[in-house]
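Common to both upcoming complexes is subunit A, partnered first by subunit B, then by subunit C.
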Partner chain A sequence: MLHTINTSPFESPAMEECIRFVQPGDPVLFIENGVYAVQNGNRFSDAIAALQKTSPVYALQPDLDARGISSVDAEVKGIGYDGFVDLVEAHQVNSWL
Partner chain B sequence: MRGTALPGFSATILNSEKVKIGILLKEGPYNHQAADTAYKFAEAAIKKGHTVDAVFLYNDGVINATNLTDPPQDDRNIAARWSEMAKEHGVEILACIAASKRRGITDDLMIEGGSITGLGTLTDIAIRNDRLLTFGD
Partner chain C sequence: MDDNVKKIMHVMRRAPHGSIYTYEGLEMILIMAAYEQDLSVAFIGDGVYALKKNQNTDGISMKGFAKTFMALDGYDVEKLYVDRVSLEERGLTEDDLLVDVELLDSAEIGRRMTEQDVVIHH
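And then the complex of A and B:
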């Protein structure tokens, strides 16, 4: 199952709640303000690194660009709306709000 | 058969299948990014040959479908582009009646291609589609 997170972990518990429920192999996609989670070297970077041991982590590149985030945590892949659609094609979706 | 390699994802998706997608949009236009994310996602999905069956508007989301909005010319017209998507690609734009009534939105204020319906329709959308995506907070 694909998990999308649209709120920043600095403002909402959505990411931490998601991490508690995510199954190994489930991709996690950060969109909108959620992309602040993967800005390189923030206080959630350890949580992102731990999550990446079992799940691929993506961030919506246009939302990174809109927020001036040019450096993301290692192995986090920036994808466009096309990539978002590909993930949705391959997985059921849970939108963490 | 098409193989799509997703970045950072070891598996390769073979036999790309077209999916039917329903969207739940819960925030108003120009107020929250959800209206833009939902639209851009729907646009990309349609471009890839998937079906976007319906966009269900709930809570402030119903404001996406009024014909009253008249943004500056150099700004995107969110209501108009939903209307165009409805007409060109058969996407149903459906506003919850209770949410609409609370906000003074009636049938005659709806964009072309949009209509007002009951919350039960959201259940139908969830049942009849392969995927349901929620945008909002």
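And then the complex of A and C:
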């Protein structure tokens, strides 16, 4: 199951809630304002690192670029729209709106 | 099971009266129940406040819909899950809730999410 998060973790509890429910191995993709979560060195870097122990973490590169985020947490994979489509094809989507 | 019956989980994540999400979510659940879908409802985060007893909305000119959750049973929506952590961190217990629910760990609710055809957040 692919979990997508589209709100900033500073604004919404969606990311922290999502992390509690993610099953090991399930990918997590940050999109829209959700990508602020993976900016390197912010308050949530430890949470992202912990999440990565069990789940692959992705961020939509165009959303990172649009927000000027060039430095992301280690091993967070930036993906394009084609990569987004690949993930959606491979997994059922759980959109934490 | 009939191919037209989908397993659908509604996830209530917001407090009830600050936005229209909870009310609209409840409406959607009732509509889907009319189509006899296999429904479950999970209350997590501020969503657990929707089930709080003794809500009185007279003073805020909003429709009170808490009691509608009690009617879900009549529409065969019987799988109501509450995230234990969400309840505890808000200083609430099962006794504070309007309806009988299954109190579950986050991981178990997460596991049940993966069993669904569709998961809809409100």
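One rule holds in what follows: the second predicted complex is superposed on the first by the 97 of 97 C-alpha atoms of A that agree within 3 Å, B and C clash if a C-alpha of one lies under 4 Å from a C-alpha of the other, contacts with A are read in each partner's own complex, and residues count from 1 in each chain.
To be clear about the criterion, contacts are C-beta pairs under 8 Å (C-beta built on N, C-alpha and C of every residue); 3 or more make two chains touch, one makes a residue touch a chain.
Just so it is clear, the structure is predicted and the values come from calculations on it, not from any experiment.
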| item | value |
| --- | --- |
| First, second, both or neither for A:T7, with subunit B first and subunit C second | first |
| First, second, both or neither for A:E75, with subunit B first and subunit C second | first |
| Partner chain(s) touched by A:S95 [first = subunit B, second = subunit C, both, neither] | both |
| Residues of subunit A touched, compared between subunit B and subunit C (which is higher) | B |
| Set of subunit A residues, in rising order, touched by both subunit B and subunit C | 92, 95, 97 |
| Subunit A to subunit C touching residues, read off their complex | 1, 13-14, 17, 20-23, 26, 92, 94-97 |
| In the complex, subunit B residues that touch subunit A | 4, 6-9, 13, 16-19, 21, 26, 33-34, 37, 40-41, 43-45, 47-48, 50, 131-137 |
| Residues of subunit C that touch subunit A when the two form their complex | 13, 44-46, 83, 85, 106-107, 109-111, 113-114, 116-117, 119, 121 |
| In the complex, subunit A residues that touch subunit B | 4, 6-7, 27, 31-33, 56-58, 62-63, 75, 77, 79-90, 92-93, 95, 97 |
